[in-house]
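After this come two complexes, each holding chain A, first together with chain B and then together with chain C.
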Partner chain A sequence: MVPKHEILPKEEVERVLEKYNITKGQIPKILESDPMVKKIKAKPGDVIKITRKSKTAGESIYYRVVVSD
Partner chain B sequence: MFLEPDEVKKRIEKIREEIPRSVFSELEEELSKVEVTEEELNKIIEEIKRRYDYSLVEPGEAVGIVAAQSMGEPSTQMTMRTFHYAGVAELNVTLGLPRIIEIVDARRVPSTPTMTIYLKEDIAEDREKAKGIAKKIESVTVDDVIKRAEMDLIDSKVTLILDEYELKRREITLEEIVEKLTPIKGVEVEYNENQISLKVPNPSMKELRKVATRARGQYLRGIKDIQRVVMRKEGKEYVIYTEGSNLKEVLKIDGVDITRTKTNDILEIHKVLGVEAARNAIINEALDTLEEQGLMVDIRHLMLIADMMTVDGEVKAIGRHGVSGEKASVLARAAFEITVDHLLKAGIKGEVEELRGIVENVIVGRPVRLGTGMVELKMRRELEEKREEA
Partner chain C sequence: MRIIPKRIEKVKFGLLSPDYIRKIAESKIITADTYDEDGYPIEGGLMDPKLGVVDPGLKCKTCGGRVGECPGHFGRIELSRPVIHVGYAKAINKILRAICRKCGRLLLPPDKIEEYRKNIRKYRKVGRNEDPIVEDLLKNAKMTKRCYYCDEEQEEIKFDKPTTFIEGKNRLSPTDVRERLERITDEDAEVMGFDLEVARPEWMVLTVLPVPPVTVRPSITLESGERSEDDLTHKLVDILRINQRLMENIEAGAPQLIIEDLWELLQYHITTYFNNEVAGVPPARHRSGRPLKTLTQRLKGKEGRFRSNLSGKRVNFSARTVISPDPNISINEVGVPELVARELTIPVRVTPQNIEYVKKLVKNGSRIYPGANYVERPDGSRVSLNIKRTEEIIEKIEPGWIVHRHLQDGDIVLFNRQPSLHRMSIMAHEVRVMPYKTFRLNLCVCPPYNADFDGDEMNLHAIQGEEARAEARVLMRVQEQILSPRFGGPIIGGIHDYISGAYLMTRPGVRFTREEAHQLLYAAGITEELPDPIVENGAEFYTGLQLFSLLLPKDINLTYRAKICKKHEVCKKEDCPYGAYVVIRNGEILSGVLDEKSFGAFAGELLDRIVKDYGTDAAREFLDKATKLAINGITKIGFSTGIDDEDLTTEARERIEEILDNAEKKVEELIEAYNEGILEQLPGRTLEETLEMRIMQTLSEARDKTGNIANEYLEKSSEELGRENSARIMAISGARGSLLNLTQMAACIGQQAVRGERIMRGYVGRTLPHFKRGDKGARAKGFVRSSYKKGLDPLEYFFHSMGGREGLVDTAVRTSQSGYMQRRLINALQDLKVEYDNTVRDTRGIIVEFAHGEDGADPSRTDWGKVVNVSKIIHSIVDQRESENVS
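Moving on to the complex of A and B:
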């Protein structure tokens, strides 16, 4: 039920932001207290890459930025 | 000249990132069955890219409204009946419209929390082991195994009359109960065959009542909040259904398959497994509810709703207290519910209306920024002037 979460390296973050022409604030959020965030030890400001299993696309990539709560 | 399989692989690898994974794997599979020439392969790739592009949602499409309609219409056909015995042995589960409302409202606790517990492969088919786990999970309190509790003010004691049938059924011994009751403060425990007496030091009705309530509520075993357990055989394996939900504790039990076990309490999933799992739960729960009613809603609409509910990292309701109530625009909020309050508060705070959304623009009578209204046209002055001169 829980998809794969991983911290996105800094260079990759830049690339993603550029690709979608957005700022970090526009990325969907994930709370610092989220069990998965704790598990991969991400800090606020980190961007997490989530590889979801999708019924329509097979697999899809989603990004969330860690925010403190 | 047909291309070598390796060459074909190399060529399609280039478009891996451009099309969805499912389309890609299908293409890969189909291509492994046939031989193609270079020209054919190029045509295939072109066509796939073109069709995929064509199937994408247009920029400016009102996906939210379409999703709302797609879920709203079938829900008018759903039964208003709250309870339904879902075929699962005498377990009560909320289904139909009330359940859908519960999901989108992100209620703190669903009206009928249930869990579906799957067991690890090696023990799933073993009836005795499954029974053992079921027993570990079901919570039993003293109240469940006694016939009645009597308060005796003269001897200042509380007497628990045990129900032998229940004791036998749940395989609990008298000693076990005594052991659990002994730690109660200032109480002397005496027992014989089928009753337990708790002597209270200072005799008062109030004190007796307190001890009686305390003793009856004492947990003997099992997991808190799980009131009832039903075991069912599905195919070859045994599955445990529960009334009441406590995901965190159940996942700790040895032999429980943590990857498949689920609960219908979405907020509990959020707490234990995180937002992403909660998003999946919203989609699955909504889809199951609709399907159970024989209604087909495209999963994409549910995905949009689930994504919307979880953008901020927590599970928010659709409606006044959630998504709609937190819109940035005053007019959009005022148009939804409690109009005067929103306008008044916005006035006091000095909020600015940017007129970016749909409702706001409808209210002030401007073109809505949707579809063809999304684009703004700019005129190049010099071109226009040149034309005039000519």
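Moving on to the complex of A and C:
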């Protein structure tokens, strides 16, 4: 049910930021207290890559940055 | 004017301190009188000339500015006694309960306070809302019974809305309240959520009242010369009067009771001055009995400042009138009455190339069309042309001037119909100036606007700038909106007679002589050469398919099932006797009929293919010509409908009655089985539910059967009589109405329902006194076996109105609810934008979606919502191959 969440490695984060020409602050947020964040043991500042199943696109990638609550 | 762009970083809200109010006040208002005998404003009165000017010609006593230059200045009223500000009464209540009644300290131990302070500072730093923490702190402090600092026992404080506080048995006067709030230390105030730069707790109790500038509450001079003051001024007069009396009584040492009464009255007036709709306070009224519109009322609601003046504004260069249909203009056009064209103008910069032409317009002036309403000199000054001295103006005109000319054919304007629920509610049209007084529009654009002609009105906006015009033309033109972003198919297309017309023309067996064919093509503006005629028994003729084929792109290939397809188990495809299988090869319709699936709005497969493969220009041309051809075809063939379209033969009626009798009998059997307890229960249902479901099912099957019989006979009778049944033609071709409508008109209306159930309400155990208690039969619970044509009996009529009422209520409720939901959604989403890299971002650049809609697809370019339709692509390749083999 819950789509795949994984911590994005540092180099990958850089690549993503460069690709969209953004800073970390422009990535959608996710709370540290989120159950999935706790499960993968992500810390504030980490970027999480979410791979969702999509009806139209097959698979879609979403990024969220962990913030403390 | 030079505009310096600035970015608003933040807006900070705070309280006005008494000192600040005194600082901004240019005048101390002391008297309730406004004007003297000579009609001049009194100094120290509410219309004090220091508060700004509203009369043209006068100068402001404060800044020297005239009307329009002087923004107006505040004054002040020194209150004889403090007064609670209604807007903050709730906050005051919360704070009073959280502080010590004696020393004013927060009722929490020091370490607790420090913990809260740390949390609040952390939240503030990251820009998160600290309200939940403050809320929690106040809740905890409220529980404390004894002060941690002075050991004072606390008493319960009751808040008597809207502005009264009672401690134990004693009433706290605003003075008491203010004193307590004053005792709060800055440190405590911070953790209670105060931003000390802009607010202190005691400022929530007023000691000075700011008086808004006269520009905010201008008085109007009536025709009779009488002055009529603004509601705010009236209210301020009341406040001043009572304030004055209170002061006098205090100074005269009047009894406490009288002073308290006056104080209460002052509180009332100031409360209603801020908000005249406070619960528990009688609204202050005008002499006429109308409630006054005070500060809160100015801002709140649909007619308030925000929704009516800031989110939405009135605009110039717009027109509104009734709409009516015109099948002779293009979908891109809009018919504009000359009357409107003379009123709306477009600025044209004079150049050496257009000066002669422009002078002609100026010569015509504002009254003769086509003319111009005014000219603008390079310095921006304007000369109106509605007078006769145009000759001398014509002399002076030279390149660089701007002439505001009348709307003319071909101008791009925006056209709109409320409620503007989607993009296609505002589209760009080309003007066609016409006689009479209505806006004319092509019927194909009725679906996107959801317009009909029962009195609908629409708005038109004349675009003023070159850039806006170009943008509207490229992005908003009707032909660019044929494909809906909602479902990826055409939303603009044929309706009603266009559909039945195309169907009647293209049905198998329909033939046109050479003369007829030429007439139709000429009327539709088709100049293509006629193909070779079909020869049968030496006679030459043309089919409707041949005529429509002339409009198609020469290389189009397409195969689809028409609307009339009956979905037989075995489809005969090309050989379908009804022509339900449409095959188009190399721009020629080889078989099938054209109906709703050809170029109908919401369904047109052929139109859809033309827009997507050949572009919007081709689609517009096809739609314009195809609809004209269809409308001329149906005019030639002749088409009409009447009540005899619902006539059935005696035999058919008997069969219908029999089916209904059987169904009612079966219902009785089910009830009997239920009563005897031998009804088989459905899984997951109670016995009662099972019975209801079985009955509903039985009756709806019966109704469907009667419908099929009716349809069968209508079809047969048209063959026998040699006269088509028009209602049926409209239903099967998708022009208007459905077979269910036909069933209800000719055969049986069926079960009436309230809340999705058979009708259960009414008397004890029965719906009406005409039935026995506990009767669960078909008729007793709202089954209508009559048809609309036959008419309903009184009981059926009653049940039918119950079902009908629910329908009406549902639509009323749904529209209001969905309207509000739409408002909230739009408010939340209006600034989101799809960037060039396909991400969706807000105005701060924060990403909302990394690919628009997860897949980055534009729904209007998709195949009815699917990004790729593999089977369709295979089909089109097969079709292509086939057509190559043919040639």
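By definition in this document, the second predicted complex is superposed on the first by the 69 of 69 C-alpha atoms of A that agree within 3 Å, B and C clash if a C-alpha of one lies under 4 Å from a C-alpha of the other, contacts with A are read in each partner's own complex, and residues count from 1 in each chain.
Throughout what follows, a contact is a pair of C-beta atoms (placed from the backbone, for glycine too) under 8 Å apart; a residue touches a chain by one contact, two chains touch by 3 or more.
No experiment lies behind these values; they were computed from the predicted model shown.
> May I ask you to decide whether A:Arg52 touches chain B, chain C, both, or neither, giving the answer as first, second, both or neither?
both
> Give one of first, second, both or neither to describe whether A:Pro28 is in contact with chain B, with chain C, with both, or with none.
both
> Using the superposition on chain A described above, determine whether A:Tyr63 touches chain B (first), chain C (second), both, or neither.
second
> With both complexes superposed on chain A, which partner does A:Tyr20 reach: first (chain B), second (chain C), both or neither?
second
> Just checking: does A:Met1 make contact with chain B only, chain C only, both, or neither of them? Give me first, second, both or neither.
In the superposition, A:Met1 touches chain B alone.
> Quick one: is A:Val37 in contact with chain B, with chain C, with both, or with neither? Answer first, second, both or neither.
A:Val37 contacts chain B only, not chain C.
> Show which residues of chain A both chain B and chain C reach, each in its own complex.
After superposing on chain A, chain A residues 28, 52, 54, 56-57, 60, 67 contact both chain B and chain C.
> Write out the stretch or stretches of chain A touching chain B in their complex.
Counting only chain A, the residues touching chain B are 1-3, 5, 28-31, 34-37, 50, 52, 54-60, 64, 67, 69.
> Could you pull out which chain B residues touch chain A in their complex?
Listed in rising order, the residues of chain B that touch chain A are 20-25, 259, 262, 269, 271-277, 280-281, 299-300, 303, 307, 310-314.
> Please output the residues of chain C touching chain A within their complex, sorted ascending.
126, 837, 839, 841, 844-851, 853-857, 865-867
> Touching residues of chain A toward chain C in the complex: what are they?
Residue positions touching the partner: 20-22, 25-28, 52, 54, 56-57, 60-63, 67.
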